[in-house]
């Protein structure tokens, strides 16, 4: 049986096991530039935010951050996304907003390549384009706000797992679908990092559960039933799958026996962490992500963030670093535990 | 109450002792009435000046009509005269536009099917309103099933009573648990009749109940109708078969073009006068068969077999000949036609057209060899009802009304108009939707469709089922004319007089096999009937 | 000519479309510009191609739910043929079209040969074809096509998006076939009464197979255009396409029970949906609000049309 | 009984024959489930461990419950493609009520009542305005899906009161959804077989004209069936929304197609007039069992959907073969 360890063929870049930061090779700016953009410095900006889809908690949180920043930055922002994570609907929506003449577009791409042509059209129309959460091809937008680098997530996840299930533990993964780019990249990086740093850990299986909480719950249950004592941990790759897996472990009475780690929002994980069934959840703050994206867009529109800059000012978040040529890094992934989870509400 | 049963012979399907026997002996108080009495009783149903229009066209005009307890009141008229419509008005299916309806002496203003049922009106509809996915038992008792103590449906009782009803109709081989969809038309007809009988109605309306029945079944049905009449039930009986009318009816009402022509006691009319009332003119002979000298062999069939219903059949059809095919319902006559026509291609045997062996694997093959088939189920197999006459007429001969693949609409309309004229279809024009035509005219459209293909061999399955005398005579005339022009016609019919009257030779089919071939001279009601009945005994053995 | 013929569904719909266009144009001056309208044409081509052939399918009383999955499968196959098998892109596209057509033919085959109701048959192949796309692709997307290929989805011919020419051509051909040829007549006849059509010597099974194959072909053609438009292939392409196409077809007045429907109606239905999506967005209505409105318009249009046809035999 | 009848002998079906004729498809699915259990069990015995059986049987309980109502709708000759979106809306409403401090029974009954109300509207449009049900519900699908997001903005509902979480109860160690699924299925099956109303549903779908002539008020019956369907959607919502401690404002993609598939694979004729709810429940269980089996057998998840598609196709073809044999 072949274990799914990330679907794409892109090279992986695992971090060092001891946590020494990788030496970032400086890169030239590889983003695009809007053609004949009017001088927007100080003007009220009309901005549309097009997430992958609307109707899920995660993007509701990024919207919240965008709105918060918009209030600080003299921006009129609206969020409008497809109701299904569907490349075509997303493209159509962006297309309409280009026609309607917005000043800036924020996006989280359902597909990096598919969205590129329409974003390029936006740049041609002089619109400032900034991505967050899920990138497009670099030249199709100006900047991308990276919540955490893929290898950073991979390391955080595997380290958490190792801490809870031991360096020779066995684990399985519940992800949304194999076609979702972010999850695929994270899983690849996890596999690479695990092979490098915890070679004795056993990767049992990766299952798909879409963005469907009941299916996630069923899949986690089935994993528990299939592997019995063999299974030491479950990793959830989406904010839907992780709480569902935690619920499965709780309802199976396996708290303490099977660890759950994963990407999830603190509100969703609070019951499980407070009940001491789950030790931790990994995530960046999606509100901050939206907030930062809006700041980057403003800076790009105002001309205060230009190719070649190494950092950008982002309101209450302070200075954010520019990496990989045209990406703005939000920070290292954050690990929620029983000690700090009470401090967050999203 | 026991007396009531003893006296008239309880029909099965009556409610069990637990349920009220109100209806079983409903007519106790009316027993003073002489069965079949004409004047004494007050009518069960009385219509006064009833009218009905569909989309502005009046199809029932100012009709007075009544039914009394213990009489059979026949309703007659040509196709499209408005009989079925009148019946549906009484049954509450169609709301009427004008006039008044009284049931049991009370005027009813807003009649629904449920209300009509509640007042004791049961109907056997012409178009067999059954539920194909439900079992026979359920069809019979739908809407008034026996209940258990806790008001649930009592399935065992339902099946038992259905069994008894079917037995009383001499249909012991009909299983109460089969789905109606799997039954033949004749068996569906039986179910429909059983359904009406199960209601213990005070008024029983039968719209051409015998259209799909073979002679023997008709006899049984008539016995049942007579028994009901003796019990005081009022019966409205629609049929195009004159002998039945004269045997059963106490009074006859004739409609023409939706208008009432008259109501007469049966003793005051003759076949001729009835027909004259119906068609408004005299019809000379019903079976206008001219003697012909058959030409060369058009079609030869050798050891044809398909499944269990067509077994090793051999015969020949000659130019100008009308070959009648008789047999009991279910004997395999239609299956033979379907095999010849390529719907169910033969599994073995040979078919020769004009001496050349041919393979007929589809209706298209059949058509290519000059074979046409006018099917028994007009509505399902013959016509596309939402389409126009022109579209239906051209359906089997599209290559004649197109250039390349493009339709020539003008040509299509022209040909249809010509066919309407030639065959005498009564319609507004080629653009009229076929579903709006009366049965006889619909049948003519099917015929027109196949004549457009210029066939040499015409197979007609129950060509005059449910068709009025006038139209029937016209179709028979047409058949004679076509045969005279050199066509070979195979005519399947359950109406013995038709078979005898129209055929040059008669094939008798039994249980999928050809049991006898009779020349016109030797074919009599007795000889053909015997061959058919003979078949029956064999089957039973 | 009687008033009922004038008030056919298509006429009512046309009036509503004009009404919608006028209202939407009044809401935003960016709506009724040639540039925007042509661009909308580009966006609706894939649904349009599928919907036009779906008109035939529904007119025979059938339905094809598998079109979205066929689109996904063909998109994946083009990528796989081209990248993994190293075929020239032209050949990969050709082969993709063939496979998509065969997928449609397979639908037709199980529908006609085994008598499986179309809804069920295509519900099964909806899962099957999508599953094949996922299995074959193993979740990998194929990118980096040669530039000439993008002409189809992103280029222009005589100032009009390339794919709009294709859509127009297909629409005109389909309108001719359905309205003016004996094949169209056979389609309607089958939809109204399949048995009678069979008894009249119409090759019912063959016509149906051809129509389902054409539906597969239309979905494949849409796949090629889609891939060219978005520059990538993914196995989830075309998800939900079937409902969009069916919406356009029934909005266009094709009876879901078969026997009735026109290509003009379907095209009007397509225009209506696309105009609403675009115009409302330009007028500041968000995507979810637009969806609500499209749903309401669908129901109301059929309702209005029904009111005019109260006693007709629809 | 006449003498002739006795000599001829009846071709009555045996008790078993009747059972098989009436429940052919159900028996095929049951066979498929059993076969699957045996095969996977022989590969990995843990497949039929009590825990996994619980997972399999409760996993699609909400789909099975929704499919009961759907089956009734399909039996009347209609269809509903909006039920998935409806369940999403109802779940959000139930969750909102639950966290607003109302007693939990309010949060439980609200989705049922609102489901009935929404589908009352659908039923009226279908029965009285005579718009084909697929058109009405296609429109409704858009309206509900878009409306849900407009209203909630996609926020999740968490902090649900523990007593609200009905589906997490385990009386006698068996998950509550299984009780719901089995209980409602049996209830509905009985009601559809033994009540006049239940039978009239078949009549309406089997032959509307004949049903009208038999005195069944077709329009009213269709509206009623849609309302019942709405109630079952509400019940399904309760199972769906109380399974986990958070409620999402999205539903599984294509939920409506899954529910319809369960119905038709379960033997409900898409043409109306026949089928039972036992079949649809078995089909829902079969889907859950397949999903579980694929994990147990270790079939690459890439091919999961293809395998499901093949299995559906196989079931459908087996059904067709059976029907052909019956003729």
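Order as written gives the chain letters A, B, C and D; numbering starts at 1 within each chain.
Simple rule for what comes next: contacts are C-beta pairs under 8 Å (C-beta built on N, C-alpha and C of every residue); 3 or more make two chains touch, one makes a residue touch a chain.
Remember, predicted model here, so these are calculated numbers, not experimental data.
Participant: Just grab the chain with the largest centre-to-centre distance to subunit C, centres being mean Cα coordinates.
Facilitator: If we average the C-alpha coordinates per chain, B ends up farthest from subunit C.
Participant: Distance between subunit B and subunit D based on Cα centroids, please, to the nearest Å.
Facilitator: Whole-Å distance between the two chain centres: 42.
Participant: Just give me the whole-number Å value for how far the CA centre of subunit A lies from that of subunit C.
Facilitator: That pair's centroid distance is 35 Å.
Participant: I'd like to verify one number: the distance from the centre of subunit B to the centre of subunit C, where each centre is the average of its C-alpha atoms, in whole angstrom.
Facilitator: Measuring from centre to centre gives 45 Å for this pair.
Participant: CA centre of subunit C versus CA centre of subunit D: separation in Å?
Facilitator: So the centroids are 29 Å from each other.
Participant: In subunit C, what residues contact two or more other chains?
Facilitator: Each of 134, 138-139, 239, 286-288, 291 in subunit C touches at least two other chains.
Participant: For subunit A, write out the residues touching at least two other chains, lowest number first.
Facilitator: In subunit A, the residues touching two or more other chains are 54, 83-84, 178.
Participant: Do you know which subunit B residues sit against two or more other chains?
Facilitator: None at all.
Participant: Can you identify all of the chain pairs that touch?
Facilitator: Pairs of chains that touch one another: A-C, A-D, B-C, B-D, C-D.
Participant: Considering the complex alone, what residue numbers of subunit D touch subunit B?
Facilitator: Where subunit D meets subunit B, its residues are 1-2, 4-8, 10-13, 18, 21, 193-196, 199-200, 202-203, 205-207, 209-217, 269, 273-274, 327.
Participant: Write out the stretch or stretches of subunit B touching subunit D in their complex.
Facilitator: 91, 93, 112-118, 123, 125, 127, 129-134, 138, 142-143, 145, 148, 151-153, 155, 164, 167, 170, 172-173, 175-178, 182, 540
Participant: What does subunit B use to touch subunit C in their complex?
Facilitator: Its residues touching subunit C are 55, 341, 343, 362-364, 366-367, 373, 375, 380-387, 391, 394-396, 398-399, 402, 405-407, 433, 435, 449.
Participant: Which residues of subunit A touch subunit D once you look at their complex with the stated criterion?
Facilitator: The touching residues are 1-2, 4, 53-57, 59-60, 63, 83-84, 178, 205-208, 210-215, 217-219, 221-226, 228, 240, 243-244, 247, 251-252, 265, 267-268, 270-272.
Participant: Within the complex, which stretch of subunit C touches subunit A?
Facilitator: Against subunit A, the touching part of subunit C is residues 28, 30, 36, 39, 43, 46, 134, 137-141, 143, 154, 226, 229-232, 234-237, 239-240, 277-278, 281-282, 284, 286-288, 291.
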